[in-house]
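Common to both upcoming complexes is chain A, partnered first by chain B, then by chain C.
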Partner chain A sequence: MQTLDRHHLLEFLSRHFIWVVLIATVLVFGLTIDGYLRISNITNILITGSVLGVMVIGQALCLMARKLDLSAEGTVSLVAVTAAWLMLPYRETDLAQAGGLGIELDPLIVIPLILLLGTVIGFVNGFMIMKLNMNFFIVTLAMQLVLRGLALAISSGAIMPGTPAAFNWLGGGRVAGIPVSVIATIGLYAVFGFVMSRMQFGRKVYAVGANEDAARASGFNPARTVILVYMVSGFLAALAGWMLLGRLEASVPNLGVGITLNVVAAAVIGGVSLKGGEGSIIGAFAGVLFLAMVNNALNLMNVDPLWVNAVRGLIILVALVIDAQKSRYRGRAGPAEPKVKTGAEPNQKAALS
Partner chain B sequence: MGRKDDILLDMRGISKSYPGVQALADADFSVRRGEIHGVVGKNGAGKSTLMGVLMGIRQADSGSIAIDGTALRHASPQTMLDAGISYVPQHINLLNTLTVAENILVGNLPKNRFGLVDWKAVNDDSQERLKRLGLKLDVRLPVEGLSVAERTMLAIAKALFNNARLIILDEPTAALARGDIDLLFSFVRAQQEQGVAFIYISHHLEEVFEICDRVTVMRDGHIVGTREISEIDVPELIHMMVGGGVQEYERETTAGAETVLEAKNLSRRGAYEQINFKLRRGEVVGLSGLQGSGVDELAQALFGLERLGVGEVLLDGGTFDPDSPRDAFDGGLAYLPQDRHRFGLIQLRPVRENVTYSVLDRLVSRLGVLMRKPEQQITEAYIEKLGIVTPGAEQRTMLLSGGNQQKVVFAKLAATQPKVLILHEPTQGVDVQAKVDIFNIIDDLAAQGVALLVISSEVRELIGLCDRILVMYEGRVTDEFTRAADNMKPEDILLAIEGGSRSAAANGSAALTENNKPSPGIRKGVS
Partner chain C sequence: MTRTGPNRLVSLMVDNLIWLFVISAFIAFSLLSDRFLSPYNLGNILLRSAAFGMLVLSQAYTFITGNFDLSVESSLGLTAMFAALMLVTSEAGGWGWQLNPILVIALMLVLGGAIGLFNGVLITKVGVNNLLVTIAMLFVLRGATYGISPGTSISFFPKEFTWLGGGTLARVVTDNGNFVLSVAGIFVILAFLVGHIHTRYTQFGRNMYAVGADADAARAAGINVDRVVIIVYIIAGVCAAFAGLLQAGRLNAATPTMGANLIFAVHGAAIIGGMSIYGGRGNIIGAFGGVLLWSILDTGLNIMGVSPFWIDVSRGLLLLFAVLLDALRVRYQHNVQVRMSLADTTIGLEDKAHGDG
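Entry: the complex of A and B
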């Protein structure tokens, strides 16, 4: 009885819309921009997309749980600065550059440390939001300020160059000519795609995001689920920080400033709703590809950098408009009064209240 | 008092249907100038639909509305306000942080010659206006500092300043103590003497007798009748409310001998006191009470959504004190919430996920991966068994009809294989066919040995369904009716729910005497 009526059609389009857009984008840019589809450029797109991509997974999970993690970009910068600080030799800070603490820790120790740091930050976020009943927006916004402030304080606001090669492998290394960061990102998407669609944790995240009260009454523990989501988000932000620092080989003050909006945008463009409870990891992946391709094209087309932000902002707004319309349409057609075919007696009790 | 032929509002032949239900059928309703007109009936009897039509927020399918003899062509909220009809809800909407004076003059504050608000004029003007209505309030006080009764009176006053001639009071005394009720009633009567008419909606029948001139009874979308208050008594009014026919559904008892759930001296401050009851295997027990009687709190506490308080609950002989719904499921108790949209279902997600949420632990492999096959099987089995009408297991739950949504909730609970199942208004908002289906599901579960506690305000449904019916009032179990004793009379049960006693009803005299008047502390109304 599954006919392709108007509702199913809209449902289908809203679910797979991003892929249509993606194909169209490839065609348009491929045909109009010289060298766009060259291997070197595609690699370039993927490399720049991988840090964004890793962060989008964490943010997508938060959005699916009907939350938001504004602190993730703060985690990126704190983690990068901390890593450089622990690994680099001591030197006098001058106007341009700073040295490390001087203990010159091995990258193999530093890497787990920073991943743990990110996870703990996520736990603190989640704990304050779910156990202390604080607003997620303000909590993560304030946390971002704290993290960024710490990063600036540790680095004295200066560049810390010269991170060791072993550390840089994730961000800058290649295996068989393919960037490690791209392989890692695709791997993470595969893992989280599976987790969200096939594992209990994913089921819980969607349930809690769609309706926290009903999730509790269905036997779930929303606080535990959301805290875990923030821990994953913190962990992935730390991983993104590691990747970014490895690519740049130097910790730069204000690393990742303003990336949050891009991250949220990529997730929303990929069909993850700001209203929680739906969207897929694979969709978010498509969203990342789309944004990375557009950013690359803006570069290649020599668009005046002063205009780039306006164009990006516009794309994000369009994605948000589509997201809002999607749920508005559902609000109208969704829990509509059923068409009952039971010949209800006219004097039956009304279902009001 | 309104003269008998001085009709202010005349509604004729009002009908309104929603898919599957006739909310209003050919309803005639009129209000005289300067009368207080009570409207009573159970939840879902059609009161809110009728008032919605009168306020212009719902459009009737057919019928006519005339005010002062002039037929209204188009009923919108604005035309109704212009015609002098005002609504004072149970939960008063005022600007709480602003003063009384600002609330009265909001949007129209007097200015001085510098264009600034003239606060002296604001206060003097509003004080003067209130004085004319005989209302003594400090106009400089913020509204949030007022009592509920004072807020209600202020809301009525605001309506009068906007030239209201007919004011709908919806459960105005629900959160009031007796002294405040007296205060409110004398204010309402004073306005009545100035020619203002009121429609008074209440579940508290004694108040209807106290303040109303006439009363209209609604049932199942019909107007059962309108009577002069002097020509009717409580038992007759209750009889009109519950109707005279026999209930359509009656099940054979499946109650066993062994006790499954037992509450001993269960008390929680401000919710319920000294609750004792037993549920036997396969037994269906009804539980009914007004809002604030402790019924809701008791059910939610048993499911681990709230604290149980002091006392003891035994389930299958062992102590049962759940901290969370998960605990309750694991202990063998499941709960069907009244608010299906908020607590029952995750509407965005498909039927399959909703059915298996409660048993996910059993559907995962050692590595936490969900096993698709058993999940699919469970879902298909329940879709078939409960007759859930859906295009498939992957349909978003919100696209199902109310009755089918309710069946999905049943499936989720039944999947946990509970020993005790608490159902909170299980037939609310479902169509007739689904209602019968739900009765059959209840019957099946009871036959399998599940003990069921059915919380409902549908007394007639309870009588058909239950072996026993418990009534709660003011936090206590005040009455018990059993099929065995053959004393499950709808009139008696309804009276007990309202706080009256059976013997008084049997005498047919003024049933609600002074000493069982509700005490102010715990009392709330049915919403």
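Entry: the complex of A and C
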């Protein structure tokens, strides 16, 4: 009986291993770095994590459907540049700064417009992938090039500062001392956690990711599900662009460059598999927290800026090695989990988490 | 037979779609710009694709076994910076060792191979996801490149070091400018040829395809999967080190940002050349077609004076067009397959009699 309990405990721990890593990380940083657990610093971690977090939801959905969306970072830059371009007054472009189009649109019009833009980009991605049978990797890669190029062309590669306060509310505003971006991100995780584990759409995404042909055979249309996933991913990327622009109050030409690698890393650290049909939104959230905490700790520790990337990579690597021991344990535990994957398995997992 | 004749031609074209793209892009740019066909530019296309090509070769190897290696772009930067520091005097920002260039090249390749070995062991023996290991290594190696660099670029290397990347084998003088046959261009062609023979005609190559198609089945068939994957990562690391050597040689300089943000373009070229990220598909020669297409687009758009902002847009659109045609190819091949399997059944008795001949 005792061994059984021990087995259950280990099983439980390995299933939620990312949280164990997360708590260990909090303890290590909290004990070694002065002021790490101060409220202001925790808020800081959450604020910087929120843009990453919003993008991770979209990417996690794509990964669960056994796809990828490399275009999301392009959407972030295009959306931010477009918004600034529509809202700012006209001025001559000089070396450092550019002005807007000169129509000074109201943020209340611009916000729905850019969210729509992101969704449409997602729809185009999904349509090309599912209806025209084009390779998802190249489609979204090409889309990233197109979007980033458009963003650079619109902004002439210059900074566009001074977005209106109403627009900046999401990225920089606070409600009762709590940053709006943090509330919004946590809200989004709650919504998508529910959608993916409790609603039919979520189950369909897992089913498509586990086996697209089986999903088709079982009577629903994978194309529709995947196109929707890409639309959600595009919408969330646009939201992240809005958030980021609001926080910086200026559109910078290389906004979001290289963030895709961080986004995918956060999702996969959180247990979302690249092979599709696995992982949960709440796990992805843990992955985001982990990356945001590491980034913040590196800032506080005054690591030589030239070495920051190397240290961050090493910390991620160590976390991964520890994480791999988990799957090794579960692999050895064997009989506790069916070795043969069935189409139904991801659904059960979704229902459990 | 009369019916299979034209079909065979179509099949041949469909099977080698990437070369059709390469030739059409070549013809299109020749018509659009009179400078594209100049001898100088033709030599340049190969030279500029050399380092990029070595990265694509590294990915072609890992793709065949169904793995990623995103760290190669950083390996390129790190090996180049490492070599530069060992080559130049301390006044020029180096470590002041001024080692023999041949020894430095050997050390670079060893470093690349060691990085590959490290990746491979973490993936197979420790069991970490291959994409994540190499993303983390991408950060670590790029960070280390910045860390060991003096913060600026290092330039002016000995001739022996720059020969492979920047040397010339032959120079043909014409009225239109000079055609330069670069060492790097010939080297990259040879490397792809060796890679093709290695993956296509050796036992190891067949094992690679088997691992990529189904690792469990390969293991059951007695293939040492871990060993195959580790060796593939070592090869990828050495290719990346060669890319660093070619790039540093061509520019006669090493900068900490060298190779940064190249990886997705590298993947794009490999996939458009027919490789699959799920493994077991495609061949090295096709990947070389992907490299050529990418650099033809690059030089072509540059020569036409397209603004750098719009180059990315047009590159993306052309890429999309190519994948669309590729998707149509897959659909066509699928239809042919269905037709053939129908012909094999009793339904298509007549066709079968003629077709099998």
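Miscellaneous remarks
Keep this in mind: the second predicted complex is superposed on the first by the 296 of 353 C-alpha atoms of A that agree within 3 Å, B and C clash if a C-alpha of one lies under 4 Å from a C-alpha of the other, contacts with A are read in each partner's own complex, and residues count from 1 in each chain.
The rule is simple: a contact is a pair of C-beta atoms (placed from the backbone, for glycine too) under 8 Å apart; a residue touches a chain by one contact, two chains touch by 3 or more.
These numbers were taken from a predicted model, which means no experiment stands behind them.
Applying the stated contact rule after C-alpha superposition, one finds that A:Thr93 touches neither chain B nor chain C. Touch criterion met: A:Val264 reaches chain C, while chain B stays clear of it. By the document's definition of touching, of the two partners only chain B reaches A:Ala217; chain C does not. After overlaying the two complexes on the shared chain, residue contacts for A:Met143 are found with chain C alone; chain B is out of touch.
Residue contacts after overlaying the shared chain place A:Phe201 against chain B, while chain C stays out of touching range.
Contacts of A:Asn44 after superposition on the shared chain: neither chain B nor chain C is touched.
In the superposition on chain A, contact of A:Asn299 is made with neither chain B nor chain C.
In the superposed pair of complexes, A:Asn135 makes contact with chain C only, with no contact to chain B. Comparing which residues of chain A touch chain B with which touch chain C, the overlap is empty. The touching residues of chain A, counted against chain C in their complex, run 70, 128, 132-135, 137-139, 141-150, 152-153, 156-157, 257-258, 261, 264-265, 268-269, 274, 304, 306-314, 316-317, 320-321, 323-324, 327-328. On the chain C side of its complex with chain A, the touching residues are 70, 122, 126-129, 131-133, 135-144, 146-147, 149, 151, 261, 264, 267-268, 271-272, 277, 307-317, 319-320, 322-324, 326-327, 330-331. Across the interface of their complex, chain B is touched by residues 1-2, 7, 198-201, 203-204, 206-207, 210-211, 213-221, 277-278, 330, 334-335, 337-340, 342, 344-353 of chain A.
Interface residues of chain B facing chain A in the complex, by the touch rule stated above, are 17-25, 43-46, 48-49, 220-222, 303, 305, 324-326, 329, 335, 337, 341-349, 353-354, 357-358, 360-361, 364, 368-370, 391-392, 396, 398-404, 412, 416, 428-434, 458, 527.
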